[in-house]
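In what comes next, chain A is part of two complexes: it sits with chain B in the first one and with chain C in the second one.
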Partner chain A sequence: MLDVALTAAGNVFTFQSLLFLTIGMLIGLVVGVVPGMGGTTALAVFGPMTVGLDPYSALSLAGGLMGAVSFGGSVTSILINLPGGAPNAATCLDGYPLAQQGKAGLALGASASASSVGGVIGVFTLLLVIPISKKIVLAFGPSEFFLLATLGLVTIAACAPGRMLRAMIVGGIGLLFAFIGFDNVNGGTRFTFGLEHLWEGIPLAPAMIGLFAFPEMIELSAKGGSIAKDKGQVGLTGTLDGVWASFKYWKTLLRGSLIGTLVGAIPGVGGTVAAFLAYFSTVQASKNPESFGKGNIEGVIAPEAANNAKDGGNLIPTLAFGIPGTAEMAVLLGVLVLHGMEPGPTMILHHEAEIYGLILTLTLSSILASVIGLMMVRPLAMITRLDAHILVPSVIAISFVGAYANNSLPGDIVLAFVFGVIGYLLIRFDYPRLPLVIALVLGELAERSFAQAMMISGGSWSIFVTRPISALLFALIVMALTYPMIRTLLQRRHSVEEVS
Partner chain B sequence: MNKLLAALTTCVGMVTAPVAMAADFPAKNIQFVIPVSPGGGFDTYVRAVAPILERHLPQSVNIVPTNIPAAGGARGAAQVYRAKPDGYTIGIFNIPGMLVPQIRGDSDLQYDLKKMTWLGSFGQDGYGVGVPTASPYKTVADLKALDRPVKFTASGPSSTAYSATMIATDMLGIKREIISGYKGSNDYVLAVIRGDGDAVIGPLPVMEKFVESGELRIIGTFEEKSSVPGAQNAIEMGQPDLSKLSVGRLVAGPPDLPPEVAKTLSESLMAAMQDPAMATWSRESGIAVEPGDAASAKGILEGQFNFYERYSKYLGPAN
Partner chain C sequence: MSAPRKSFSALAENFGPPLVFLAVTLIFIVAAYGYPPASREVPLLIGYVLIVLIALDILSRTSTSTGELVRRYLNPASGLPGVPKSAGDEGEEHPSGQKELLAVGWVAAFTAAVMIVGILPAVPAYVASYMIVEGRKSVKFSILIAASIALFLWLSFEMILSIPLYRGMLFE
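Entry: the complex of A and B
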C-alpha cells in the first residue's frame, strides 16, 4: 500500500496537479459561499471540462473542489445566517449568534480548523476501514435508517429548553412538509396541491435559505444597525482563538468527524443529516445544553467537522460496490467515467494510485481551503459591520439567486420566499425554527424506512431490537429521552440531601 | 450584364433561402435536455457524447447538457416537447420510464411521446433476476417452487422497476411480495444483498457490478440469448416476451422537426456514437453503447408502447 501511496503522492505533487488542485479549491470556495450552489452542481459543470486533461489533473480539480465547498458554505452561514448549502444549515445555529456578538472571527476560525481536521479524520478513517468497507455499508438497513432518523427527531424535544410544546408543534408542521411529494412506498404523489413543482418534495436548499436568511434580514431592516451588535475590533486573536477552540474541544471535533464519516458511508443519507446529527449529539453530550443556539463554539465545530469528514465516508460505498453514496459522489463517478475509470468494486484494484491520489487531493484541499479562508477572515468579518440598508437588499438578492441556482427552477424562488415568511412568523411569535429543519431533513427517511422495515419483518416490531446496530440505536434513543429526566431527579435528590 | 447577374443571384438566393437555412443548421448552440439530476446513467451518456457530437455536426456549435430534474422527469420531457421545432432543443428519454406515466394517465402530463421526432438510441439494457451469492436458490424454478411469497426489493409502486417486477413475476408464475420504496436501482439491488428480500429483478448492468464484487448471482436474464454464463435466458424460462422488459436510452426532439434538421441531427448522433472515441470511452468505462438510428428508436418506442399497454394494470398509481 505504501508504494502505491507514494506513487499517488508523486503524481499529485506535480506542478500541473497542484495547479488544478488550487483551481478546484478556489472554485469550491466560491460555489460554497454562493448559497444554493453546492459541490454537486459545481462538479456537474466543471467535471466535463476536464476531458483532455490527464486523470490526475482531473482528480485534483474534483478533489480540490469537493474539499473546499464545506468551508466556503460555512462562511455565509456564520456571517449572515445564509447557509451556503443545505449541509451548512446546522452551522447557522450557533455560528450566526456568535457573529451577532461580534465574534465572527472566532466562529470562522473554528469552522476553518474543524473543517480541515474533520476532512483529515474522515480520510484516515476511510483508509482504516477500506478492508471492512462492505460490512459497514451492509450493516445499515431500513430498521437502522429509521432509528437513526428517530434519534435525530427526538432531539426536537430538547432543542428549545423551556418551550418543549412549541418545539413539538413546529416539529409536527415540519413533518407535514417532509411528507410532500412522491410516496415512495405506496406510489403516486401526495400533498402537492396540484403543483408539479412539489412532486420531488420540498427541496432542502431553497427551504433552508428562506428559513434562515430571510427572517434575520426582515428583523435587521426593522431594527436597523448591523449584524454585529458589539462593534469591537475584529482581531486576529479572535480568529486564532477559534482555530485553537477546535483542539480545545477535541472530543466534539472527534465525535463530529466520526459521525460525519459514518453517515457519509451510508448510501442515501447525505451530508445534511450528518451535520445535524453531529450537532445534536454535541448538544446532548454537553453539560450546558441550554447554551446552544446562543453562540456556543462547539455548535460550530461539530457540524463543520462532520460536513468535511463525510467526503471520506462517501467514498466507502463507492470503493466497496462502485455505487455513489450521495448525489455529489454520483457526479464524481461521472467524472471518473469520463476518464475511463469504471466505477465498481474492482476500481480500487485497477486504479489504486488514482484513488489514493483523489484521497490525497481531498485532504490537501480541505487544509488549503481553510488556510486561505483564514487569511480572508478579517475582510469577510467586516460584512457583519455593514449597515442594514446596504446589507439587507444584497443578502435578499443573493438568497433569491441561490434558491434558483440550486436546480435552475424558478419555483424554488417562490419556495424560498414561502419558507422565509414561515421563518419570520415563527420568530415573531417566539416559536423555535430548528424543529422544522430537523423534521424536514429526517421526516421522509424516517417514514420510508419504517414502512420498509415493517415489510421486511412481516409486521413484527422486534426488527428494531434484534439486530445489533438497531438495538444500540434504540438504546441511545431511550437514553436521549430519559437522561434529562434522570438528571433532574438526581439533582433534586442531591439538593434534598443537602438541605436535610 | 452585371445587374442581370446580380438580379439572378438574388432570385436564386431567394429560392434557395429555406434550403440554405436547413443547410446552415446548426447555427447556434444546441441544448441537450437530461430530465434527471446530474450523476445518473442518462446524465453520463449525454455528457460523454456531447463533445464527440460537436465534432460531427456540419457546423461547429456547442452541445449544452442541461439537467431538468423535476416531477420525475416529466418537466424535462415537457420542455423538449414544447420547444420550438428548430432542432436546438433535444433530449434523452428513459423508455419505458417516461412512457409508463403516459399510458397510466398521470395528471398534467405535458408531453406525448408518440408525436415527438425520434432521432436515435444509445441502446437498451436488459433485465434479469438476481439473488445474494449465499442464497439457496439456484434457478428461477427454485423461486417458483417456494410455497411462500418470494420477497423482491424494488423502488416505489409508480416506478418502472416495480412494474417490471410485477410483470415478470406474473409471467414466470412466481408468488411475490414486493418491498418497495428504495431510491433507484443501486439501492434496491444493495438491499437484496443486505438481506432485505430474497431476490431482485433489475437492469443487468447494475446487477453485474455486484456480481463482480462477489455479492450477487444472476440466475436468469430476460434476454433471448443470455449474456451471463450459467443464467437461463427468457426462452429457456418459457417466456420470450420477457425480453421486452428493458431500459432504453432514446434521443428525441420536439414534434414536427423539419426533416432536413432531423436528418442532420440523427446522422450526426449516429456518427458520434460510432466514433472510435466513443468506443474507447465505452470500453474503458464499461458502459455499453449500441448505436441505433431514428428508425430503430421509433421501433423501440412502438414495441414498448404495445407491451406496456398490455400490462397496464401493473403500472401502479398515477402521479
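Entry: the complex of A and C
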C-alpha cells in the first residue's frame, strides 16, 4: 500500500497536476459561491473537458474542484444567508447571524479551518475504512435508509428552537412538494396539477434559491442599509480567531467530521443530512443550546467539518463498489470511466495508484482551498457592507440566473420566484424554512425506501425496529423528537425550584 | 368599525397561516385519491399526519389551557414577545407591507422581463432601473454596475460553462 501511495504522490506532485489542482480549486471556489451551481454541475461541465489529459491531471482537476466547492458555498451562507448548495444551508443558521453582528471574518475563518480539518479527517477515514467498507455499505437496507431520511427531517424540526411543531408542519408540506412529478416507485406523474414543467418534480436549485436568496433580499430591499447592521463593526480582523476557534472547539470539530464521514458513506443520503446531523448533535451536546441560531461559532464549525468530511465518506461506496452515493459522485464516476477506470469492486484493485492520487488531491484541495479562501476573506466580507440598493439587484439577478442554469429551463426562474414568495411568507409568519428544503432533498429517498421496506417485510412495520441499525436509528428519532420537550420540562422544573 | 376590523386582522394573522397549510394539505389529499393505491399511500400518510400537526398548531394559538399546554411543549417560542425567531430565520421588526409589496414587485417585474425578453437584456435593465429608482444612485454608476453584472453572467455561463442563457419568449 505504501508503494502505491508513494507512486500516487509522485504523480500528483508534478507541475501539471498541481496546476490542474489549482485550476480545479479556483473553479470550485467560484462555482461554490454562485448559488445553485454545485459541484455536480461544475464536474458535469468540466469533467468531459479532461478527456485529453492524463488521469492524474484529470483527477487533480476533479479533486480540486470537489474539495473547494463546499467552502465556496459556505461563503455565501455566512455573508448573505444564501447557501451555495443544500449542504451549506446548515452553516446559515449561525454563520449569517455572526455576519449580521459584524463577525463575518470570524465565521469565515472558522469555516475555512473546519472545512480543511473535516476534509482531511474524511479522507483519512476513507483510507482506513476502504478495507472494511463493503460491510458498512451492505449493512444499510431500505428500512435503514427510510429511518435515516426520517432522522434527517426530525433533526431539522428539533433544531428549530421553540418551534418544533411548526418545523414539522413545514417539513410535512415539503414532503408533499417532494412527491410532485414522476413517481419513481410506481411510475406515472403525480400532483403536477396540469403543469408540464412539474413532471420532473420540483428542482432543488430554484427552490433553494427562492427560499433563501429572495426573502433576505426582499427584507434588505424594504429596510435599506446593508447586511451588517453596523458597517463600522464589520470584523475583518477576526479571521485568525475563527481559524483558532475550530481547534479550541476540537470536540465539535471531531464530532462533525466523523458524522460527515459516516453519513457520507451511506449512498443516497448526502451532505445535507450530514451537516444538519452534525449541527443538531452540537446543539444537543452544548451547555448553552439557546445560543445556537444567534451566532454561536460552534454552529459554523460542526456543519462545515461534516460537509467537507462527507466527500471522503462518499468515495467509499463510489470507489469500493462503483455505487455513486450522490449525483456528484455519479459524475465523478463518469470522469473515472472517461479515463479508462471501470466502476465496480475491481476498480480499486486495477487502478489503486489513481485512486490514491484522487484521495491525495482531495486532501490537498481541502487544505489549499481554505487557504486561498482565507486570503479572499477581506474582499468577500466587504459584501456585508455593500449598500442594499447595489447588493439586492445583483444577488437577485445572479441567483435567478443560477436557478435557470442548473437545467437550462426558463420555468425554473418562475419556480424560484414562487418559492421566494413562499419563503418570505414563512419568515413573515414565523415558520422555519429549512425543513422545506430538507424535505425536498429527502422526500424521494424516504418514499422509495419505505416502499421497498414494506415490500421486503410483507407490509409489516416491525422491519423498522427489528434490525439492529434500524432499531438504533429509530431510538435516535424518538430521542430527537422527545428531547426538546424533556428539556422544556426540566427547564420549567428548574425555574420553579429557583422561585420556590 | 375599526375595533372589529382590527380584531379580524389579528385573527387572520393568527389563524391564517395554519389554515393555508390545511388547505394545501387537503388539496394534496384530494388529488392523491385520484392515483393508484400504491402511489397515494405515502402522500396520504403524510397528509393525515399533517392534519393532526396543523390541528395542534391551531390549538396552540388559542388561549385555552390545552392550547397553552401544546404551546409550552411543542412551540414554546411562538407568540411570546421578546423571544428570538427560529434558527436561520433571525428576523426582528418586519418592514411595512407597502415596502414589502414594492420589493416583491421589483422581483416579479424582473422575472416577467426575463421570461419575455430573455436574461441578457433583462438583467442590466433590472439592475440599472432598480439602482436609479430605488437607490437614487447616479445613472452612470448604475449602468456601469448593471453592465458589469451582465458581462459577468455572459462570461461565466455562455463563455466558460457553455450554458446558453435564455433568450426570452420574444426571441426564442
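Worth a mention:
Note that the second predicted complex is superposed on the first by the 467 of 500 C-alpha atoms of A that agree within 3 Å, B and C clash if a C-alpha of one lies under 4 Å from a C-alpha of the other, contacts with A are read in each partner's own complex, and residues count from 1 in each chain.
The criterion applied here is as follows: a residue touches a chain if its C-beta (ideal position, glycine included) is under 8 Å from a C-beta of that chain, and two chains touch if they have at least 3 such contacts.
Fair warning: this is a prediction, and the values are worked out from it, not measured in the lab.
Superimposing the complexes on chain A yields a three-chain arrangement in which chain B and chain C fit side by side. When the two structures are aligned on the shared chain, A:175 is found in touch with chain C, with no touch to chain B. Touch criterion met: A:200 reaches chain B, while chain C stays clear of it.
Between the Cα centres of chain B and chain C, as seen from that of chain A, there is an angle of 90°, stated in steps of 10. In the superposition on chain A, A:398 makes contact with chain C only, not with chain B.
By the document's definition of touching, of the two partners only chain C reaches A:414; chain B does not.
Of the two partner chains placed by superposition, only chain B is touched by A:452; chain C is not.
Using the contact criterion defined above for the overlaid structures, shared-chain residue A:138 touches chain B, although it does not reach chain C. One of chain B and chain C touches more residues of chain A, and that partner is C.
Legend: residue contacts after superposition of the two complexes on their common chain; A:331 is shown touching chain B, with no touch to chain C. After overlaying the two complexes on the shared chain, residue contacts for A:185 are found with chain B and with chain C alike. In the superposed pair of complexes, A:119 makes contact with neither chain B nor chain C.
For the overlaid pair of complexes, the smallest distance between C-alpha atoms of chain B and those of chain C rounds to 8 Å. Across the superposed pair, chain B and chain C both touch chain A at residues 183, 185-186, 188, 408, 451. Those residues of chain C lying in contact with chain A across their complex are 13, 16-18, 21, 24-25, 28, 31-32, 35-36, 38-39, 41-43, 46-47, 49-50, 53-54, 56-57, 60, 70, 72-78, 83-91, 94-96, 99-100, 102-104, 106-108, 110-111, 114-115, 119, 123, 126-127, 130-131, 134-137, 145-146, 149, 152-153, 156-157, 161-166. Listed in rising order, the residues of chain A touching chain B in the complex are 40-41, 43-44, 47-48, 51, 134, 137-138, 141-142, 182-189, 194, 196-197, 199-200, 267-268, 320-324, 327, 329-331, 333-334, 337-338, 340-346, 407-409, 411, 448, 451-452, 455-456.
Per the touch definition, chain B reaches chain A in the complex via residues 37-40, 43-44, 47-48, 50-51, 65-72, 74-75, 107-108, 151, 155-159, 162, 177, 179-183, 186-187, 190-191, 193-197, 209-210, 212-215, 280-281, 284-287, 316-319.
Chain A meets chain C in the complex at residues 30, 34, 45, 81, 89, 92-94, 96-97, 100, 159-169, 172-173, 175-176, 179, 183, 185-186, 188, 190-191, 193, 214, 217-219, 221-223, 292-294, 387-390, 392-394, 396-398, 400-401, 404-405, 408, 410, 413-414, 416-417, 420-421, 424-434, 446-447, 450-451, 485, 488-489, 492.
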